[in-house]
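Below are two complexes that have chain A in common, paired first with chain B and then with chain C.
Moving on to the complex of A and B:
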């Protein structure tokens, strides 16, 4: 299907005769090049995990940030073109605080996800009068996970601006591998620790490098406390040992 | 939603002088001239309708000591001779490591301290580290200078903890920012200073400091009609802040202190039967 490189794939917001926006579809391909990331929702909270692709033994593993805190009760992980993720996360953080400022309450996960998705299709040529916008689609998919009054929730966003709620989802190069493990082993009433072990198991099985406590990142937000907590390397190591 | 950008929101707006007005041979930028538009006519500080001039009725105090910082405030809001509330919360919890006190216009303090909270949290997420107390208070000063002469009324203390310790700043609507060991703000501040300056030592214990703060507020509420209600006390330490007292009624304190001195506390100790 992608061999038919026609003239309609040059213009960023030009529809092809079959009704496709090629640039947006190509942006979706960028996600398939990304390092693995996943999120799992259980009654006790949400778990986020990401693979750190360490290209050199000389780099500081903790400088590669895979899981981003958006607010105390919401976090996200990304796969694809990571600088685009930074822009989206930045926007999410500001909008989350603005919501708290205006309404005196934490923003709920769905509303925050919608705000991020609103940016997805706001690309193209900007004229001098209106606000400058992105010249191209974002090449990243986010898994936004958090706890609000609606309980724990996970949403996936992609360059098309679609948001889909999941119970458990993996994204990136190995997304099919992660999804098949999750389909077998996921249950909604797993404990948080079981969910964390499942996350580590998924990464262990799909990562090319041998999993260790510095090439993965793991974070949780519990239903009880609604507070983002990143797992330390010691905690990750003990989970790896149990898997 | 509204974009909150102090330079475009509010009363003041700036314009640049037209380049054709003057030939600026030095190529130095000319300062923008600020036009102040007042919403309700010129700001009145001393005159105006005294019945609405309830703004400064308060006693708040804060001091630095060896266990951190102690903040104590009263809880009265009065509109002239009308008591609008005895239960106001004049310590604003900006975030887990910063507190602000309210004196002057309650609305101005609540709004701008909430705005400061928004900014601190966004900064913390973006930069991976918390804003220092100095930086947070500086940011607030910058906002207030932008609204100078526009009628904002705020006399806040910003107190908090950061990597370099616990710090106390005083910020007001004139754009003044002072770092200090002891501050008291509001109509009852003079009475509070009398007690504070007499008994303050850096090496007070936590209990002694709480006692000092409570006493100072009590004495201010006793003599200043615009202060009263209950005393609220907060302690700032290296792990954040703790609410020590959520509200001690000053009337109860009156009789407690009188009893400690062996007095009755009815205003006629010499039994002169004047009334």
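Moving on to the complex of A and C:
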């Protein structure tokens, strides 16, 4: 799919005559270049997984962070322009604590996602009086997953600020490959371990490099404990062996 | 010569020029007024009972015999406030608006515990120009048991089974300590039923109205249960 280049793609917040915001659409393309990431929701909790694209054998794999903890009960993974993801995650972390400060309770996943999405279209030219804004859209999609009083939930956000709830979703360069595997094999009543194995299977099938315990990241939040837990390389290795 | 009482101070000020410019701190304008009255709340398994008199006063004057001190914030909780009425209204507005926003953003009404925390934060946010309010937040917790949270003017709060605030506080709380906890009671029979407790509450207000000039006119009682809210109004002494 290739849009016709017209003069209306210069201004960041200029509508084209057909009613399109080209910059936002181009931002959506940035996500298709990103490394794969996915999230799966089952009754027992949520699983998040991401591919670490290791460009050199000399780099430290653990310095590439793919899964971000937002609060003890919410985490997210991202695909696209990763520095933008860090800005959004930082905002989400602050707002989560703000909620806790004012209401004395953990924020629910949907409310937190809405807060992240509120930033998406807040770009453009900022005048000297108001706070400085982003000059362009964020070039990243997030999968925000967590457990709250509404149970385990996963939301996808994108540069348009749309939030959609999913049972299982993959994003990034291989999102279509991941979605087709999930469509076949996903069931809501899978155990958490089955969901983790499914996540590893998805990554194994779409990654160019051979999967091993340092080029993927895996984390879970269980319904029972509502606590973010990152899987160690040993745990990831045993899952890879079973798949 | 006869000097009318209101001119007494002016008269003496004229006689003593050195004293003429002294203004007493008590003459200074104050942003705070105590509109007095008494509120109480009692939590029991399955319900919470909140009551407040309806007299609004300022010093020795009655401003209204029919002013409510109770405000239902959510289906499950009620705010009862003694102190300055204007600050009660402002606080109530803030909480109503914030809780409406909470409901939109979180798709459920705030729990009583959440409201309690929010109230504390709002009171403390005015640490250096406090709301002159002495609050009780009464509601049902997640298990539909009655709980009462008591506050000071700057937001320090604690969960209690019963609480009293206002001008009749000292008179009433001692009675509740005796009746509901059995303190200093020889035959320790604790009331169990809602009707017994309602009787005690009505008696407390009658007692307070006898001795406290700022409490009287009517007592308004709200009973919150999972099924809904019931309202009872009974007359009190009008003098």
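A few points about this structure:
One rule holds for everything that comes next: the second predicted complex is superposed on the first by the 240 of 243 C-alpha atoms of A that agree within 3 Å, B and C clash if a C-alpha of one lies under 4 Å from a C-alpha of the other, contacts with A are read in each partner's own complex, and residues count from 1 in each chain.
Assume a contact is a pair of C-beta atoms (placed from the backbone, for glycine too) under 8 Å apart; a residue touches a chain by one contact, two chains touch by 3 or more.
On a predicted model such as this, the values are computed, not experimentally measured, just so you know.
Contact with chain C, but none with chain B, is seen for A:111 once the two complexes are overlaid on the shared chain.
Legend: residue contacts after superposition of the two complexes on their common chain; A:176 is shown touching neither chain B nor chain C. Contacts of A:122 after superposition on the shared chain: neither chain B nor chain C is touched.
In the superposition on chain A, A:209 contacts neither chain B nor chain C. Once the two complexes are overlaid on the shared chain, A:225 sits clear of chain B and of chain C alike.
By the touch criterion defined above, A:101 reaches both chain B and chain C. Shared interface residues of chain A (contacting chain B in one complex, chain C in the other): 101-102. Of all residues in chain B, those touching chain A in their complex are 1-2, 4, 114-115, 117-118, 121-122, 125-126. Residues 69-71, 90, 93-94, 97-102 of chain A are the ones touching chain B in the complex. Listed in rising order, the residues of chain A touching chain C in the complex are 101-105, 108, 110-111, 114, 149-150.
Remark: chain C residues 102, 105-108, 110-111, 113-114, 116-118, 121 touch chain A in the complex.
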